[in-house]
Amino acid sequence: MTTAERLAAGAGPAAAIARRLVIFVASGFVASVVVFAFMAVLPGDPAQVALGVNATPELVEQTRQQFGLDRPLVTQYLDWMGGLLTGDFGTSYVTKEPIGPQLVDRLGVTLWLVGAGMLVAVLIAVPLGIVAAVRHRKPSGVGVSAAAQVGVAVPAFLAAIILVQVFSVQLGWLPSGGWTPPAYDLGAWLRGLILPAVSLGLVQGAVLTRYVRSAVLDVQREDFLRTARAKGLRPYPALVRHGLRNAAVPVVTVLGVQLATLLVGAVVIERVFVLPGLGSMLLDSVAARDLLAVQSIVLVLVVGVLLVNFLVDVLYTVLDPRLRRS
Amino acid sequence: MSEPVHPQGHLGGVDSSGSSLDQGLHREPERDELLNVDGLSIANGDVTLVDDVSFHIAPGERVGLIGASGSGKSLTASAIMGLLPDGMSPSGSVTLRGRELLGAPERDLSRLRGKDLGMVFQEPMTALNPAMRIGRQVAETLTIHGTSRRRAAERARELLDRVGLPERTARAYPHELSGGQRQRVLLTIALANDPSLLICDEPTTALDVTVQAQVLDLIAEGVRDRGSALLFITHDLAVIASVCERVLVCRDGRLVEEGLVTDVLSAPAHDYTRRLLEAAL
Amino acid sequence: MRGNLVVGGSLVGLVVVTALVSFVWTPLDPQAVDASVRLLGPTSDHLLGTDKFGRDVFSQLMVGAQTTLYVGIVAVGVAAVVGVPLGVLAAMGPRWLGEFVMRTSDLVLAFPALLLAIMLAAVYGASTLTAMIAIGVATVPAFARVARAGTMQVLSREYTLAARAGGRSRSWIAWRHVLPNISGMVVVQSSVSFAMAVLAEAALSFLGFGTAPPTPSWGRMLQESQELLAVDVRLALVPGLAIAAVVLGFNLLGDGLRDRFDPRLEARR
């Protein structure tokens, strides 16, 4: 009997997750090589770039030696990676300060922003997407869909500018920018986080609403939802108990892509609201021509995206039992 | 039997007019009919898909509904369950023990579904929730209608055992079962609350021939043990012959012939039935 | 829905016409600085008023449409020209090649357009060119995926199988069957990618990594307006709404075309 064999086989999801882990680590490695190579083959050399065109050749040479830029590229790469893996991000060519501590500080701000933005997006998208799907033939459902379509087209920074105009400039309810660490003043922190998070989450929420709608529409057509109704479940309970978990599988994938988008979208929002996040650090480093910092921040962001993808794959395996065996 | 909602008298069962059949084959309804379908029409916009269909099923009676695909058989079943697809509107009357089902509030219908009315669908591969263990899907039918969670889980295992599924099936996910096994699970779900009427919509069409016979036996056994009536929809005359007592022949949304299986098969009155028979032989 | 096609097509058409007209005519010189008319509201001379340098906002908006379309066309063009052949190759070539292309495209997806553009700008300095290349490269995976999926579909069809059985070469099949049949999907993807490219360009210009002054660009108009929010929110709304309208137009156009080319698939984005 096939069931007996299949049930007896019982290989858990561990193998699938292990395979994903290998892909994640390998992708991270390749990404680090790409980022390093990109910065290494640039026309000038980092010391020259950092010091500017007026620097004397002696000073440039001295700086090159100081930061080990005169060594072979492979050695430089291994040194950089070795440092990263042990938490040492090296020393800025420009400020001569260690990059690591600042990067960790800044990352904290960005993660708060992205997390809050995602929360806003999900809080908007899940109820609205479900309503848009369940009532897709009625005016209210069509209205939600149209609103989402328009919302997708609004750039996050335009949403930010409008929100600032209304809630800071006109009403004066919330600050138009700046950051207070949560440990310092929780209320001020929260007030400062609201507008950036809503700016970031509003637009992503519109994108997500469309995906939730389409996933719920798909799941509503499923035979097993009809079975659930035939058991005596009423429409909404049937959708919640049987539909949502299955609709969640495609939505979670999109959520992962969106989290990655938010990580990068935060760069723009941090600039609008003058938040000391990783994005502003990246822009500042580019402006200061601090290439080692740029290189490390870019890698952190890229690995962040890859990590999100990996976690989504794992979640996917948990949500859909059919995938556990592939 | 203890129904949560009781019929208010047997008024709906009384009906002698409105026969769509001309040759007087239409059996006169009796006061104790279980299901009474009277002048049922189903339209999708301007298109009429089921046209003035009337029939009755007595308690414990096994009735076959036969016809080509697209003849409106499945829609008739969906209308009885109150689960017509979006945009389809039924008219006429469907009563279960005298209680009108068409236009009844969703709340009342959902109390009947899975309790008094069980249904098995055609496609077993997609009719089970892929993300929920079998045991829970069976137990859910019981808990919805008031059985305690613990008792329901126990009962689900007993019921699965009754259709010959091994004990570990309760812990399995649908994708771990074959089509025949899934159909047994769906039959278990439909019969879990000992319904007074079981509707099977082409339950064996999607299955291998060898598995078909097993599932048919389980359906016949299931309704016999419970004293349930059966409405069996198929395009396969042979299947009707082995399971049903009476047969309704459906063509282009209308009933064209009705009678005892033995009569209809040996002496078909309608031309269409004759052709169906010839095709089957 | 036909409505998508009509509304989307109209919005896109409006922008294209505006951009074309702006080559030969704008009400005023978009770059003419005039301190005597700084920060004017809408007047008969200045339909949408003037900015902090006294430049005519309406004329800037018209010329800005050129930048937007130019960046979009080049970026989507690069992405399609590189991505589509890669996708077809991934589907028709040996297994390892397909695997390699898809893994690489996964990796590229981890480098969003904004990040690529900032990296390029860090090394080569910000310009319209770096923005276009970055957006183009980041969009390649989208086209490769669409082309691969479409090709696999075509390859399973009977006419392709028949051609194979008839001894036709792979390249003949690719040219005669695959490309014509996936062209619809590619057009739809182009429209959707165009919308994303417009958003990315606007974000880059907003951050100062896109089109350099004095060439007008909607994203930069928004950036310049930011310090003047308290004075006049109009300067932010005008370019902002223009961006939103174009993006909405291309998204709707994409949805409409999708419904037309493949009625079985509903708009899913």
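List of remarks:
Letters A, B and C mark the chains in the order given here, with residues in each chain numbered from 1 onward.
Everything that follows uses one rule, which is that a contact is a pair of C-beta atoms (placed from the backbone, for glycine too) under 8 Å apart; a residue touches a chain by one contact, two chains touch by 3 or more.
These numbers come from a predicted model, not from an experiment.
Of the two chain pairs shown, A-C and A-B, the one joined by more C-beta contacts is A-C. Relative to the C-alpha centre of chain B, the farthest chain centre belongs to C. Centre-to-centre separation between chain B and chain C, using Cα means, comes to 54 Å. For the pair chain A and chain C, the distance between C-alpha centroids works out to 22 Å.
As a whole-number value, the distance joining the C-alpha centres of chain A and chain B reads 51 Å. Within the complex formed with chain A, the residues of chain B that make contact are 81, 83, 86-87, 106-107, 110-115, 117-119, 121, 123, 126-132, 140-141, 144-145, 166, 168-169, 171-173, 175-178, 181, 186, 189-190. For chain A in complex with chain B, the touching residues are 1-4, 6-7, 137, 222-224, 226-235, 241-242, 245-246, 249, 319-322. Residues 27, 30-31, 34-35, 38-39, 42-43, 149-150, 152-158, 161-162, 164-165, 169, 210-211, 214, 217, 260-261, 264-265, 267-268, 271-272, 282-283, 285-286, 289, 291, 294, 298, 301-302, 305-306, 309 of chain A are the ones that touch chain C when the two sit in their complex. On the side of chain C, the complex with chain A involves touching residues 106-107, 109-112, 114-115, 118-119, 121-124, 195, 199, 202-203, 206-207, 222, 225-226, 229-230, 233, 236-237, 240-241, 243-245, 247-248, 251-252, 266-269.
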